[in-house]
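Would you mind keeping the following structure in view while I ask a few things?
Chains here go by letter, A, B, C and D, matching the order in which they are written, and residues are numbered from 1 within each.
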Amino acid sequence: MVELLAGVLMLSGAVMFLVGSIGLLRLPDIYCRLHALTKVDNLGLGLIVAGLVLRHSDPRLAIKMILVWILLLASSAAIAHLIARQALRRESE
Amino acid sequence: MTNLLVWPVLLSLAAALGTLIAPSNAARIATVAAALSLWSVLLLLSAVIAEGPQWLILGGWPQGLGIALHADPLSALFLLMSAAVCLAATIFARRYVEHSRYRSQFWPLWLLLQTAIYALLLAADLFNIYVTLELLGLSAVTLSALGGSRAAVQAAVNYLILGLLGSLLFLAGIALIYGRYASLDLQLLARVVEPGPSLWVAMALMTAGLVLKSALFPLHFWLPAVHANAPAPVSAVLSALVVKVAFYLIMRLWLDLFNPAVMSTAADLFGVFGALAIVWGSWQAMFTARLKLLAAYSSIAQLGYLFLFLSLVLVMPEGEDRQLLLGALVLFALSHGFAKSALFLAAGTVQQYAGHDRIAELRGVAGQLPLTFFSLGLAGVALIGLPPSGSFLAKWQLLSTTLLAGQWYWVAVVVVGSLMACVYMFRVLSVAFGEEGVATQRIHSRREELPTLALAVTATLILGLGGVWVWRVLDVGAAGGLG
Amino acid sequence: MMDSWLFDVVDALLALTAVVLAAMSVLGSDQKRSIVLFIAFGLLLSLIWARLQAPDLALAEAAIGAGLTGALLLSALPYSTAEKGACRQQRAWADIAFNRALRGLAATLIAGVAIAMIWALDDGRLQSVPFTVSEQVFGHLPHSGVGNPVTAVLLNFRAYDTLLELAVLLCVALGILALGQPSVPVVAPGPVLVLLVGILVPLLVLMAGYLLWVGAHAPGGAFQGGAVLAAAGVLLLLSGHRDAWLPGPRLLAAALGAGLFLFIGAGAAMTLSGAVFLEYPEGWAGAIILLIEAMALLSIAVTLVLAYLGGPPAPSPSPPARHTDVEGH
Amino acid sequence: MSSTPLLYGLCAVALFAIGLLGAFLHSGLLTRLLAVNVSGSGVLLLFVVLAYQGAGQRPDPVPHALVLTGLVVAVSATALALMLGRWLQRPEQEPEPETEQDQE
């Protein structure tokens, strides 16, 4: 049962990645692309981490994986912010 | 097993840190370190003479697991030359960089370069050789860029890129060897290597990389700009030692590791390109306008002789004749090391004194710098190969060997090369000893000229009169090599 | 069965994509595009390392190869466009036909080298090799003081290489201090960035420490940790801290030399008691290695931050005028 | 024998060759450095392939350590080259000394 749930979570995470990548390629401007990249990828990784946490019983490993996810959230937010700001500045010039 | 082997490396590295932390005492620290390195090299050489080749496996691990250091007569003689040249150049550099804006970085870099030279000559592990090559290359690049002119930095950038390519080729060769023989230790490898695709391709890649670094014609094109625009003591070490240790590596690898796979065609290629280098380098040196460029082109020609020697040694059967020629090769390399460093230091003094090094405008400078020009003349004797220099003995041996073998074309190359060397050296001397003098720029201290003189005297008189000693030392290890 | 088939597909995809990305990056003519492709290539490479069971390298490649090298190249981009014009001019006089012939020759030669290498690799491992280094490493691992074989090789069995490698890093740092000029553009950080830097920098420092600690028995170590710590420095630089919290010249020199100093000190101290250089006493090896690694991490991080900064750090709140002063006449 | 080392071995040689070609074809510093880095990645990948002993087998740690060293050397050389390249792009703010060392 748990195994099945984990599989579903990870698979939907992978689908998120796919959707995000398509978005990156297809969306019209840089802001939309960033949106696709950060939101969807973070969610995608989150789902995969959730799936992996379910599969492994070791709590220390689980905490580590969740930490990795949080770190990625923070850094991708920072990077998206930097890129968007740079793009805005270039537009206003 | 003796820790003596790490001392030259360790002393220089520790001194580099010392100069980093205490920049105000840097020059003193560097001099003491260079003197101590020379002392440790002398101890090492005497140990080699007394007990034969020395080994050390760092960390106390079994062979193959730990990194091995190794000194035999060949490497010990190169070490001795390196330490002596470094000491003289260090003393010279004290005045030279005194007012440089880069002096707080110069000294640690200078000592890192020496570390790399010693480490490379002692290395007996393929990957360790790669790391020391990178240290050598990067410290040499940085030091030559400290020349501070646009030309110096541009030359340094080219040198860096080519050096990186050279190291990459070398590293690719290491990968192939590791893939087949699963070892990096030179001695272990020498026991198991056998002719075959792996060894041939690795040999080609590694040799190509090292040839690029040792500036054999036609891969010499980066050298003149680098050596002519670096600070004088740096040029001296670059020309006398840095390209030569790359040559040393080729020699070491071909004699000890690639031995089973040496083909006479490959060896002949060294000879052909060496001969071309002799003619082309000397030709350029005859017509170049600047003294330091002249010295740089002369280095290309002299490296050509070394490759010519090597090609002959490689195809000779083991025995007394081969040992004689190998001794001549080493004697030639040593003489060139001392003579070329003397020439570059002299050029540095001239440049500081006259404000430039354009040969045509050096009329009468010799009258004001008699000691420097005396050294320059002595160095010239060694570069041309006149008696009583060490290179005279070496060339004599080369001529007699080739004549006996009926290879008259090599004789022609050597004779033509020597005549051309005569022309380019006398061109400088005749102008400098001319009559009217140029304006003096500043009071000159005789002491500054002493390191130059010491190097020139070593090249021409000591190595010439004591040349037999080199053969005798090499004979100690005649039986050995790495195997 | 199914698994191995799937892995083959993944391998083929990874290898092919890596080659295509590399070719597009190297042979393309738009520099910016090339660099971005190179970074993507680096990330892909780190996947390949992971696939080839080299997690230590995957970490290092992601942080150093793709991350830092990419950042360095990107930050050099504005300078390199000026250079391009100069090169065009230079090429104008070159004989085009000769040039083409030379290029053709080079391409043929390089293709020949590649074929020769494949031929050589086809040889495979020599069967009669008495023992391999790998077996030796695992045999002596219990005496090395650490459990991670890569760390054991780097800091114990082949510590001398690492020692010289730290010297290489020092050499580069000195070159940058001597000739470089800080090149990071000054930007006013927005409130979001300040907040995020406040979170990320301590986290990165923590992570560097963790990587150092864990390197003793699992993937990680001084190099990966140093790269992560350097990332914290780069983040500081990008958010307006012009000195990236680097200390003044004296302390900076000390930080640059710290790794080497400890290495030499620890290595030489043992020789006094009759041991071989870099031979650690049994039982102490783990502690000595951790200590050396901690100092090496510091030196590595400082060097990498300097590399990104491109010159000696300027005092942080300085107006641009100070800058020319430092370069002086 | 699995096809994994074969595939990545070919990939490594291809990367090495592409990098060499790029280093020869380009004349700009940045593109040349990029090419050298790609070529270097190829050589390092070759080492990792040699270390790989098959799925489930522990890999040879020695090449891994060598690659780590190679990576760090590569990045530091790149940094040095870029710094020197930037030096060359600076406007001529300092008097170019005719002699190679700076006298006050």
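The rule we apply is simple: a residue touches a chain if its C-beta (ideal position, glycine included) is under 8 Å from a C-beta of that chain, and two chains touch if they have at least 3 such contacts.
Keep in mind that what you see is a predicted model, and the values were worked out from it rather than measured.
J.: Looking at A-C and C-D, which pair shares more C-beta contacts?
T.: Comparing A-C with C-D, the pair joined by more C-beta contacts is C-D.
J.: Could you work out how far the Cα centre of subunit A sits from that of subunit C, in whole Å?
T.: So the centroids are 26 Å from each other.
J.: Based only on mean CA positions, could you tell me how far subunit C sits from subunit D in angstrom?
T.: 10
J.: Once you find the CA centre of subunit A and the CA centre of subunit B, what distance in Å lies between them?
T.: Once rounded, the distance between the two centres reads 56 Å.
J.: If you average the CA atoms of subunit B and of subunit C, how far apart do the two points sit, in angstrom?
T.: It comes to 31 Å between the two C-alpha centres.
J.: What are the residue numbers in subunit B that touch two or more other chains?
T.: 101-102, 127, 131, 134, 138, 141-142, 145, 153, 172, 179, 182, 184
J.: Touching at least two other chains at once: which residues of subunit C meet that condition?
T.: Residues 113, 117, 121, 132-134, 137, 158, 161, 165, 168, 171-172, 175, 179 of subunit C touch two or more partner chains.
J.: For subunit A, what residues touch not just one other chain but two or more?
T.: Not one residue in subunit A touches at least two other chains.
J.: I'd like to see which chains touch which, written out pair by pair.
T.: A-C, B-C, B-D, C-D
J.: Can you tell me which positions in subunit B touch subunit C when the two form their complex?
T.: Touching subunit C from subunit B are residues 1, 3, 6, 10, 13-14, 16-17, 20-21, 23, 56-62, 64-67, 101-102, 105-106, 108-109, 112, 115-116, 119, 127-128, 131-132, 134-135, 138-139, 141-142, 145-146, 153, 172, 176, 179-184, 192, 194, 196-198, 200-202, 204-205.
J.: In their complex, what parts of subunit C are in touch with subunit D?
T.: Checking each residue of subunit C against subunit D gives 4, 7-8, 11-12, 15-16, 18-19, 22-23, 25-27, 31, 34-35, 38, 41-42, 45, 48-49, 51-54, 56-57, 60-61, 64-65, 68-69, 72-73, 75-77, 79-80, 82-84, 87, 90-91, 103, 106-107, 110-111, 113-114, 117-118, 121, 132-134, 137-138, 149-150, 152-154, 158, 161-162, 165, 168-169, 171-172, 175-176, 179-181, 183, 221, 223, 300, 303-304, 307-308, 310-311, 324, 327, 329.
J.: Okay, in this complex, where on subunit D does subunit C touch?
T.: 2-4, 7-11, 13-22, 24-25, 27-31, 33-35, 37-38, 41, 45-46, 48-49, 51-52, 55, 58-62, 64-69, 71-80, 82-90, 93-95
J.: Going by the contact rule at the top, pick out the subunit B residues touching subunit D in the complex.
T.: Going through subunit B, the ones touching subunit D are 96-97, 99-102, 127, 131, 134, 138, 141-142, 145, 147-150, 152-154, 156-157, 160-161, 164-165, 168, 171-172, 175, 178-179, 182, 184, 229-232, 351-352, 355-356.
J.: Along subunit D, where are the residues that touch subunit B in the complex?
T.: 16, 20, 23, 29, 32-33, 36, 39-40, 43, 46-47, 50, 60, 62-63, 66, 69-70, 73, 76-77, 80-81, 84-85, 87-88, 96-104
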